[in-house]
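In what comes next, chain A is part of two complexes: it sits with chain B in the first one and with chain C in the second one.
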Partner chain A sequence: MKVRLAPMLALSMATLLVIGACTSAAPTNTGPQTGRTGGILRFGQSAADVGTLDPHFASGTQDRSLIDMVFNALIRFKPGDGTQFEPDLAASLPEPKSEGAKQAWTFTLRKGVMCQPTDGVPAYELTSDDVVYSLQKSADKNRSAYAGEYSGMTFEAIDPSTVKVTLDSPLSKALLYPKLANYSGGYIVCRKAAEKLGADGLKTHPVGTGPFTFKRYSPKEKVELVANEAYFRGKPQLDGVEFLYMPDLTSRELGLLGGQLDVANGTADIAWVEKMERNADAKVDVFGVGEVVSIHFNSRIPPLDKLPVRQAIAYALDRAEFQSLTGARVSEQVFSPVPAQFMPGGLTQQETAAKGLDYKSDRDKAKKLLADAGLANGFTLNMVTSELPSYRVVYESMQAQLAKVGIKIDLKVVDHTSMHSTIRLDTNPIVVYVAFRPNADVYLSQFFHSDAIVVTGKKPNTNFSHYASIDSLIDQARSEPDTAKQTALWKDAQTKILQDMAAYPVMFTNLVYARRKGVDYGHELKSVLALYPGIDETTRLMKK
Partner chain B sequence: MNAAQSLRDRDVVVRPVPARSQRRRMWDTFVGNRAAVFGLGLALAITLLAIFAPLIASQDPLAQDGARRLTPPDDVFPLGRDAFGRDVLSRILHAGRISLVIGIGSVMLGGTVGTLLGLVAGYSGGKLESLLMRAVDVLMAFPSLLLGLTVLAVLGPGLEKVILAIGLLLSPPFARVVHGATLSLKEQEFLTAARAVGAGHLRLMRLHILPNMVGEIVVLVSVWTASAIRVEASLSFIGLGISPPTPTWGNMIRDGTTHLINAPWLSIFPGVAILLTVLAFNLLGDGLRDVLDPKLQQ
Partner chain C sequence: MIRYVAQRVLLTIPVFLSVLTIVFIVVRVLPGDPATAALGDYASKEAVDALRERLRLNDPLPVQYLRFLADLLRGDLGTSMINSAPIGDQIAHNLPYTLELTLAALLVGVTLGIPVGVYMATRHNELPDYIGRVGSLVGLSVPAFYLGILLILLVGVQLKWLPAIGGGDLTDAGDSLTHLILPALTLGLVMTASVARLARSAMLNVLTQDYVRTARAKGIRERSVISRHALRSALIPIVALTGIWGVALIGDSVTTELVFSRPGLGKLMVGAMLQRDYTTLQSTMVIYALFVVGINLVTDLAYGFVDPRVRTKG
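Now for the complex of A and B:
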């Protein structure tokens, strides 16, 4: 059969023009809100499945973001800006009161906050009983992964709308508020639902007071949320959210560009950002919180038990080489474990350089240090890396950089969950960790306090270097009421870390998400602790 | 003498074909098969490029340059640079060494093990034959990639482990073919004659059976080399092959998928390398089968 090409081409072109005319009418997200827009927002997240939806155990990005849509806390970080606090379930931000050596914080609950209904538990008004139950759960190491954050704290329901939190040792607002805010253990679960569902039920069936209500979980596919019509800040603009698990970046990218997704998690790579920005239908948001990349040296594994060897590695590494693989717009170099750019207590480049602790790349010096340590011919280290690009890039760059001074790294690539398990078994001589923590105290406590040493610590956490030389500084800073003195103590602690080269701070990488032009999050994006742009009652979808 | 009688007489006169003449005929058959000659030439070219990769590659395949990452192909870097700023051409050339070592090494291993199993099973018969061939059947029941995954999940990644895993996958087909050929050969009269003059079992297998199935084995070797390279690429693609930073065609394709839209050359060029290599060995295998298979000759 003879095909007549010209008419077919003309027909195709005409069809494309019609489709183009229809789709190009998508409005932008500027301008005031006028009426409810509705629609289901489809969100592609970089994970294969749910980790856990119990907010007091969740730590993965995919879980934190979903939990944030379902739960509230007494206090919340301002939407889109993780540097400011505002009341959430509490009617106002409290001030501390001294009670002898103790410190008390009293929260008055907002009226009319409804716990979402679930099977066998109809909707009911949240009371102080729920809040106390939830905070006690957070403080219980059998029911929470963040129990250590709440040690020395007691919770009491004064009346149905008043909760009193008493601290054995006083804390500043800067340290207390994050513990009770919408982050990790601060999320408030509804007691009746939690008791009805049990510990296992909560893992896949979150019930809170937030703008969206859990509807359905399809393993390895998606979680569906619907608008919570009884939400205390008003009915959400969206009808719901489809939270899709899509571990492959290219699939998410094509899903967004093809219109099957409205929001997609991207990657901290400037090449990806610029590529997506070239597409007229997509908008890319690069925002905080910056997750800090640090390289921790296990001082129990020879030859890393020798300070000159750890220093040699530090001098062999070059922050600029690491950063060149992500791009300046999505990352920034850091010179202390606490990032000075957005957190008090961090050391700036100038401060570390003045102390001679910036470890500016000097491979000749590194070789000399190795030779002096009797390792002129180098040595080999075996370690695992996660398959995630954010980890592999750092491990493989480190591998190439250390090879230049004779240090060979044999890398084994494993899935992300396996990497987290393995490094907590104390087997990796060098651990690359990418993490955000809400303040200097949490960074230092979790990564450098002896209690947090992996396997052998009193409360094993993420002290991979087995560092135990700044416990007193951390403890002292935590209870220091004077902000300036507290900051000085944190800086002293980090000076010691760098002198002992327990960890090499590399850079922080920002969060990268892409969205269709018709998506309006409802707030400016500066930094979000839940590691996603923040979908709430104000988020709108304007694509029709 | 009538014509029919004459034809019968000619039929019974068996003229021994000189070995040189037989080799000549085989060579003529092979050379006459243009696809096979192309396959041989391509396989030789790929092998030479892989062997001399350190001399041919203009760049260190592991040298990173973040400032020039994802640079498209140009005069200096004809196949572009990857996400670490490494030269894609140099990495493909060096990856070829890994792929060929794995392809040839695993076929040698699988071929040796499979040939021995098939030979012993076919020659011995009885319970030993049943035992060995059922074991082979069990191995063949698993999809090759699944079996490779299982072995590597237990052993962990690494060149020698990949060779071991793929070699294990390849031994059953060799065993099946050799077993069948042995069953056929051991009924031949020349074997009875050799047995009659006192040849032992080992001698019979080594000098009388094995040399008569070299043709089949050579064909299997060339065809399965292609398969071994393909399986290695698949295992590397899913992250179970060779560990970074060593390049293999499979892990290059996988790493390129992240940048498939803005830097397609990262996946396309190693994909082409796999395609050409697999094609070369398959064409070569087909050509050898045409030459060595007596049925096809008739």
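Now for the complex of A and C:
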């Protein structure tokens, strides 16, 4: 018998595919080109799931970006440009007033800002009561991870549309505005919703005043947002946003190229950027704020306790080699711990070169410094690195570079959270740290103030170098109301850090996002603190 | 038979308890601190310590183990350690996607694999048999995730006939089906290779039996000999192995769900692992274990039902 099954199989396969093709295929989301475009923007984020959508605890990119679409703050960073401020829930940007030794900032709220409705709580107009409740929550260490940012601050509702913030110690605008802007503790939660949902409820059910309203959370899959028709800046162009959790880069890439995604988080690798740009349907945005890579030297662990040894390591390293790991377009070299490209207080290449503190790579000089320190034959250091590529490749590159001057690094790869635990126990002689902080004060306080020294500091944080020589400069700059003088103090502090080689600033890596060409964010992308392109009421899906 | 069933069910209890114990230990020996993972890189030591205390991670392991068992006995799968979402809800949302994928893949594997295997057997040592054997070897050698990416590139990205990623809306049959086809083909085609080889081998055995020769000698049409006489006998080992394939497919669905970014227990479990979400990971593994133990129990009972010798020995 000759059973002819091959044609049957081909037919059944073809039938399956045709059924699929006829039933839906890639959905079209776009509306008309003129007027409101509508459509659901599908956003693929590099994460497995929600961490927490309580803005006062959120720290992951996947949470910050979603929160940014749902909440507002008194002040906001200009969309697409994190270096400028503009009023958000406040009607205008306030000026400070002295009240004895204290300082007061008075905010007048916009009229007609509506808190989004949620189960059992209908929409209602935001008042100073909500703002005070939210800021007090931010300042409460049991209800916020950022309480330290708000110590010495009191919040008071003068009338339903006026909020007064009083500071025990005066701050400049450059330091106060970020605390009350759309970043971390500055986001305003609506009191009635927060009380109704409770602390656990807020983690997966955000309720704010922003352009998009929470609709549904599907665990490990997505969060759906719908346009907030009552948004005070006008109804959003989009009908909604589907925020999909997709930890696998290949899936995000294929989803974008296949038309199931409109925006996808990429990777800071020039090869990936160029590959995506070869596709006619895709566009790649490379923008800030960049996460700064710095190498911190533990001055308590010999031989790093000797300045010439730390300087030798700095001269043995080459920023260009580190930068080649990602490609010049997605990263940029930095010459001080505070990145001069994004915020005041950082030192540029020219400024450090003029002071002879740019530590331009010079391995002969490094060898001479080591020889002078009695270490002509080099030495060995043991340390751990995270398994995350953003850390591991930097450690491995450093390992290869230092080997050229006789310094051997024995590297142990551990998971990311174990690395964080280990480095905080003061065991790594050299710590590579990749981080963004909103201003120079936070950078310097967390990495170089003696209070923040790991294990032994008053408030142990991320001072891995045990550096304690610029406390007065940091404290003085924090309370300096004059912006120019404040910037000068920050620069002085960083000059000292470089002179003492407490840390070697390497580079920052930019954010990389790909989008379909029909996506218009509604603003130029320079730097976004929420670490995503910024989806707001002006974002549109257009026909190509 | 009742005694046999009771024995099998009772034996399942220590097996399941052992699995639970292993799950509990495995989850706790994973590297990384869940409190640090939950709060992120920016958290202070104070905040991490407070969360460890709140999550009762500082309790002695035996205490945590007893609490874990007690909660399970009450049917309480707990809440996510990361975002407090009820794990029961998470499983309820993801489980249908995994079941749908597994069943569809099983269907693809059986409906394609059996005819292919039968055809190969009927063309024994001819060109179609050689092609089928090489093809099935290739099918067994290609990892499901790789095949999935190839299918996505061809059908989802180049031709744009089907969605490249996602699971679709289960309440919309059309949407659900279009999202199911590529992942089901990915898993199903790999399974087809196994089924085809087994079907071929079973058919070759049967086709040499006397009763088949007798049927042919009686002048029965070859198509009837194959389908009514030979295939019925050859199907017995294939059907017996279907349960085991089902279990294997549930396991294989993990990578497929990830490649297609499709909701499901596998994506849930890997996501929990990435987030160091002990409680979700633990409960998801328990559900997987429950499936495997359950399917094995059903298979055991089915054997006993079909073959009286098994239940006599038992």
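Rule of thumb we're sticking to: the second predicted complex is superposed on the first by the 440 of 544 C-alpha atoms of A that agree within 3 Å, B and C clash if a C-alpha of one lies under 4 Å from a C-alpha of the other, contacts with A are read in each partner's own complex, and residues count from 1 in each chain.
Here is the rule we go by: contacts are C-beta pairs under 8 Å (C-beta built on N, C-alpha and C of every residue); 3 or more make two chains touch, one makes a residue touch a chain.
Quantities reported herein were computed from a predicted structural model and do not represent experimental measurements.
S.K.: Counting residues of chain A touched by each partner, does chain B or chain C come out ahead?
M.R.: Touching more of chain A: C.
S.K.: Tell me the contact category for A:A145 with respect to chain B and chain C: first, second, both or neither.
M.R.: second
S.K.: Looking at the overlay, does A:T250 come into contact with chain B only (first), chain C only (second), both, or neither?
M.R.: Both: A:T250 reaches chain B and chain C.
S.K.: Based on the superposed arrangement, let me know which partner A:A376 touches: chain B (first), chain C (second), both, or neither?
M.R.: neither
S.K.: Which partner does A:A328 reach: the first (chain B), the second (chain C), both, or neither?
M.R.: neither
S.K.: Given the touch rule stated above, what does A:S218 touch, chain B (first), chain C (second), both, or neither?
M.R.: Only chain C; A:S218 stays clear of chain B.
S.K.: Between chain B (first) and chain C (second), which does A:H416 come into contact with in this model arrangement: first, second, both, or neither?
M.R.: After superposition on chain A, A:H416 lies in contact with chain C alone.
S.K.: Using the superposition on A, tell me which residues of chain A are in contact with chain B and, in the other complex, with chain C.
M.R.: In chain A, positions 248, 250, 254 sit in both the chain B and chain C interfaces.
S.K.: Can you tell me which positions in chain A touch chain C when the two form their complex?
M.R.: 1-3, 5-6, 8-9, 12-13, 16-17, 19-21, 23-26, 44, 48-53, 57, 59-60, 141, 145, 148, 200, 203-204, 217-221, 244-248, 250-252, 254-255, 257-261, 414-418, 420-421, 424, 435, 459-461
S.K.: Which stretch or stretches of chain B touch chain A in the complex?
M.R.: Residues 62-64, 66-67, 69-70, 83-85, 156-157, 239, 243-245, 257-263.
S.K.: Applying the document's contact rule, which stretches of chain C touch chain A when the two form their complex?
M.R.: 31-34, 36-47, 79-80, 82-85, 89-90, 93-94, 111-112, 115-116, 118-119, 122-123, 128, 149, 152-153, 155-157, 160-167, 174-175, 177-178, 181-182, 185, 221-223, 225-226, 258-261, 263, 267-268, 270-272, 274-277
S.K.: Where on chain A does chain B make contact in their complex?
M.R.: Its residues touching chain B are 248-250, 253-254, 267, 269, 271-272, 275, 321, 323-325, 387, 389, 392-393, 396-397, 399-400, 403, 410-413.
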